[in-house]
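Several structures are given next for inspection.
In the two complexes below, chain A is the common chain; its partner is chain B in one and chain C in the other.
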Partner chain A sequence: MPADPTSRPAAHRRRPRAAHILGQNSGLILAAAILLLSIIVFAGMFAVQQGRLPGDFEITSTVNNTMPLALAAIGQTIVVLTRGIDLSVGGVIDLTNALAAIFLAGSILHMIVVSLLIVLAGAAAGLINGLLVGLGRLQPIVVTLATLSIFQGLAIRVLPQPGGAVPAGYTSFLVNTNRPTALVFLALAALGWMGLRRSRLGVNLFAIGNDPQAAIALGVKAVRTRIVAYTIAGALYAVAGIFLAANATAGDATTGDGYTLTSIVAVVLGGVSLFGGRGSAVGAICGAFITTMIVNILFFAHIDPLYQSFYEGLFLVIAVVFGGLIGRLVRSGR
Partner chain B sequence: MKRLALSRDALRVLAAYGAAVLLFVIGAFVHPGFASFQSVTSILLVASFVGLVAAGQCFVILIGGIDLSVPWVLNAAAILLTTASLGQDGRALYAVSLTLGMGALAGLANGIGVVWLGVPAVVMTLAMNGIIEGLALGLSGGMTCAACASYAPPAIAAAVHGTWLGIPAALWLWLAVIVVVSFVLSLTRFGRATYAIGNNPRAAFLAGVNVSVTVVFLYALSGVFSALAGILLAGFGGQASLGMGTPYLFQSIAAVVIGGVSILGGRGTYLGAAAGAASLTALVSVLLALNMPEYGRSIIYGVVILVLLLLYGREQRE
Partner chain C sequence: MSAAAAAAAESVAAVAAREVSKAFGGVQALRSAPFAAAAGEVHALVGENGAGKSTLIKLLGGRLPPDSGAILLGGTPVRLSGTADAARHGIGTVFQELTLLPWMTVAENLLIGREPRRALGPIRRGAMAPRAEAVLAGLGITHIDPRALASEISLAERQIVEIARVIIRRPHILLLDEPTSSLVEREVAWLFARIRDLSAAGTAVVFTSHRWNEITSIADRITIFRNGAEVGTFDAIDEDEAITLMTGRRVEALYPPLPPVPADAPAVLEVANASLDGGSELGFSLAAGEILGIGGLAGQGHRELFLGLFGAPPLPRARVTVGGARTTIARPADAIHAGLGIALVPEDRKGEGLLLPLSVRDNLTLPILGRLSRLGVIRGAAERRMSREIIARLGIRTPGPAQPVGALSGGNQQKVLLGRWLLADSRILLFYDVTRGVDVATKHEIYELMMRLAGEGRAILFYSSDTEELAHLCHRVLVLRGGRIATELRPPDLAAEAIVAAAMRDADAG
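Presenting the complex of A and B:
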């Protein structure tokens, strides 16, 4: 692990390898455990009420519905790793969703070019955030609050009324309605993360998240790293916006708004520390799926949908409190 | 060095007031009558709702926290006021105390979560927003309950709209809040403790400040201010509606930041935040006077906040 804050002088006894891995990844392990538990609870409720286990249809729709959130949460994770926070997620998804609904059409080549341009637009939005945070030396929370307003305005300018259309072929490529093939994209994202984690950029991201001053003293280009982090995040939000449009087969310049808050929820549930320096894409993906599973469970528990956010909020607090407790226990037991 | 830092903070407050005055002047040019007494007081009346929420937000931001539970505490307060009073003056006092109590309770829970459960402020207040939203929607049946159609008690509506010396009563209330909050923050032991915690909680603790209790109290205050704004807004509009609190989260944070309060805590004054609320509302009014469509307002709003931040919200080089 780079920038391991627990490394000590040689005089200390080294911890066993297993305990080290457990201690470093307690957030991720907890997220995976909660996800597993929520899937078991959901499957149990489903089996009792429907007389069978959740099949292809349920799994596929869950995966397809979670795709935008999972991608947004990975982007948010990269920003949060640098001790930042990105509130403009909703605005970027609104904008790219609107662009996708209007411009996706025609030949395969045309659609590929349009998709790439939309991802570039997302990256440009992220770049603006990054420049303001990095070079402008402004606080991330206020910068992204302001750019959220700007991107939301642009999205409504692009698509004043819900509408547009996404070609059926495009939809079935990204979010196949018969098989959860979209999982392949998440696997790709996780692979990309492993590459990032081992690259110089990844090491720098974690370094400035753990201790910015020490990282700068060791020669990490903090400003450049932050700018790149926000840019990559913006590109990921754009992909989320495209998936959202593909899933809905149409566009709406306001459906993305909710992703600002849910991406933060998913990141927190995924064991990413809001204080920076700890987190992973797999954790963020787990967090996103937990968020969807909670909604599914509440539905099958016949909870009045009006109370939904009450239970989500309560669950969020409980998960964070217990996560903190378990993390403390693991770390104190070294 | 100390004097220089002080004058810089004072400059930020002055800049926020300057922005407000400038916007009124611009408004007067683009729309005759914009800067008339009548128009200015009605714009400031709208600003007072943002300003009251910003008072609570200012308190928690000064200690390095943030309150994201504003939208639904405010909205639930408006719903609770109308449903508990049933539009009767006789029940107004009971409804107001119940509503302020609800705000205090929500804020108290925020504070307890942040201080004793160790939940980050962003997560705790975000979750609280969801919890209150779920309760407000669920208990009112999505605003379909029999009492949900009630109006705010006439006494409260009159208190908001009524004028004294030509100025709306809600503005007098805001003025009183500005005076009291500024006095408390700058001249009392409690205010000193707030700044001390914002600058360095550990040092404040070692200096004998009861950090935990102060922080919890400040979050509770923020809840009370959100609830107060909800009461006034219900009185202003006559009824409660779903989603009425949503704009106040971003506006309150923007007002506080434009007013020169550091989002990291420990620096800034409520006097500045109040100016921020006034200039934000003036900006929106100018854009409305220009018949700017919604998307344009949204974009310009964000750009103006960024420009003001770049002018005086920058941090020192690392």
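Presenting the complex of A and C:
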């Protein structure tokens, strides 16, 4: 008998490396493809109507408008990876947006301290979700639905009427209106993601989402990991809230409400599995940009904003069905 | 064991349990059971399905805390807070229900917790696959692609990765809960070589299996459990005696006689041009009342064949004739309704068969709900009666039909899966490793059941990772090699050695 008792006689046909990479990242690749397509369609419509290609202004405003959603979607991704879902996104953004509009003022040092405190407030909100889900063993959807209302209520207390102000210097630092410099922050987020992917925490997040029981049997501290996931997500929503305030140069305690839904849309479009364990922040960022592009396209198609959510939903359904089909093709082509 | 003997064994043991008890709700899984395994010893743990073997292993491996009693390491009581804590004490466990993470690669699974890292800490993701490849090769495994997802490889391969993950950490105490349940002989030989290496180096190995030949070939000592209690520890014991202790009754000769296939039995399933690997094609026919075995080394396309005949996914280009009529089986529903009804009992009960959170009853009656309902409403009384009957017939050990299947012991879960298709009354049965993880007495019941089913004219296509079963339970055996039928064996040539020889013929040459 040969030395290796498990070797197969027939040459063990291994799939080429490229096939593994394609198959294991089909969600991300699909998201990038849809994004490219939507950019082309938008650019085409823009060119036809304006007689030129979208320039600095259009690109900058698209990036600046997408920043809050992209950040919220990254947070949502981290939660969804653990087989959770976070509906409190909107409430946390409302609250942090209101705080930013009221307290951002004064010296640079003061503004930095205030910004950090707001991020901490978001993290604290996430921590509450995490404790209830992790320690309390409650359903994420129920917990975050409840905290969504709580945070929304708090936001109204903080800022009963839209208003407040964000200093112009602060705005131009985060969301320069002439150049898409905010992309730097997204690049930082992507870098952070790569770091997470290469850390113990990242491995644990994915492990829990893959199979919670198996992860525990492998020694993963599931409760702690869940708590950390919701907390990081909360901090990211806070950053989204700050960006939103900077963009609007003022605050509104209801402006974040829509992000609960759109962050989930972006995550799904970005190829993150709602069953957990599969997905990436880069995909979520793509998903966020796709969502914005859809809105832009609808605008240029002169579609009544009242029907906007109808079309958003339609695109989501098409993308999900399409994604499922592609996934099946990749698997059966093995 | 007497109390004094237990105390003596405990004090020298690498790992021991002192009078541990564990209950799950109303089920007492362990009743003040003692256990001790010494360094350098291979200690087998045997018992019927539900005897409490896995529960004991989970206690020793830190997966569960005991209700009462204590776990001792080297004579000192310890409290293990989890498997990570156990690992720090040098304990490594292969659990019965596999714990590979399906959407992560083989390399990520294998190296979890000990990934190659850069100086400042980040994991070198690019280095994972080469490292895994080297680690596996060091253990003599070259056929598993470290870049594949765990969900893409076969159950036997998953079991090997799981074992490899634990043994590369070189534990002082190695707990193996039915590690061989889906392995074929060569893979078992591979595992035993690794076990011997480790035990020679002083590792205490605890091993469970329902295959007696494995127990006798690897175990230095054997502890028998019945109903959550230890009933004896032996240096050597013969099979009949052990079975009597395990079951509390005598179980007769293992393999029942095969009912003859009538000469005029019609072919109920004919397969032609089936390609298992996209290359070479095979064909065969299965007659009513016949048990046709499919043998061969792991990974030769058995799984593809069985799943393919059930349409999950279908075999490309294959021509399938069921009960004389050409049939297209594109999905499982086609198979279930095809002419005479085709049923598949798969190997991966966790992933492919059972709905773990649902009750035993719901799992049993799932495919026949249509028949059981009137105007869309399920007839509860009939459902309850049928499920009670099948629970009694197969001896499924459960507190009641309403118990979630996930709470049953591994072997009893397998019986639920089998019972489902008996209820569905399918005429063509695809049995893929149905005795996986099933205890001796129940195996015997399943064998008798197979004979009865064949006697009633049902046709059975049978794969088993246990070659002895193929040799004794089949009218004919087709040995697969490289996606083709290499040999067809019939009595008097049909013997386990002949099957193994045919399966490996060109494995040795190449």
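What we mean here is this: the second predicted complex is superposed on the first by the 321 of 334 C-alpha atoms of A that agree within 3 Å, B and C clash if a C-alpha of one lies under 4 Å from a C-alpha of the other, contacts with A are read in each partner's own complex, and residues count from 1 in each chain.
By our rule, a residue touches a chain if its C-beta (ideal position, glycine included) is under 8 Å from a C-beta of that chain, and two chains touch if they have at least 3 such contacts.
Keep in mind that what you see is a predicted model, and the values were worked out from it rather than measured.
Enquirer: Now for A:Val203: first (chain B), second (chain C), both, or neither, which partner does it touch?
Expert: Touch partner of A:Val203: chain C, not chain B.
Enquirer: Where does A:Ile216 make contact in the superposed view: on chain B (first), on chain C (second), on both, or on neither?
Expert: After superposing on A, A:Ile216 lies in contact with both chain B and chain C.
Enquirer: Identify the partner contact of A:Arg278: answer first if only chain B is touched, second if only chain C is, both if each is, neither if none is.
Expert: Only chain C; A:Arg278 stays clear of chain B.
Enquirer: After superposition on the shared chain, which partner residues are touched by A:Ala100: those of chain B (first), chain C (second), both, or neither?
Expert: neither
Enquirer: Scan A:Arg137 for contacts with chain B and chain C and give back first, second, both or neither.
Expert: first
Enquirer: Figure out whether A:Gln24 sits in contact with chain B (first) or chain C (second), or with both, or with neither.
Expert: After superposition on chain A, A:Gln24 lies in contact with chain C alone.
Enquirer: Just chain B (first), just chain C (second), both, or neither: which does A:Ile39 touch?
Expert: A:Ile39: touches no partner chain.
Enquirer: Both chain B and chain C touch chain A; at which residues?
Expert: 213, 216
Enquirer: Spell out the part of chain A that touches chain B in their complex, as residue ranges.
Expert: 85, 132, 136-139, 141-143, 145-150, 152-157, 160, 212-213, 216, 222, 261, 264-265, 268, 274-275, 304, 306-314, 316-317, 320-321, 324
Enquirer: What residues of chain C sit close enough to touch chain A in their complex?
Expert: That would be residues 63, 82-85, 87, 93, 95, 98-105, 108, 112-113, 115, 121-125, 140-143, 145, 147-149, 152, 160, 186-187, 189-190, 193, 277, 297-300, 313, 481-483, 504, 506-508, 510 of chain C.
Enquirer: Using the touch rule from the top, collect the residues of chain A that touch chain C in their complex.
Expert: It comes out as residues 1-10, 12-15, 17, 20, 23-24, 195, 197-199, 203, 206-207, 209-211, 213-221, 273, 277-278, 332, 334.
Enquirer: Once bound in the complex, which stretches of chain B touch chain A?
Expert: Touching chain A: residues 66, 113, 117-120, 122-124, 126-131, 133-135, 137-138, 141-142, 250, 253-254, 257, 263-264, 294-303, 305-306, 309-310, 313-318 of chain B.
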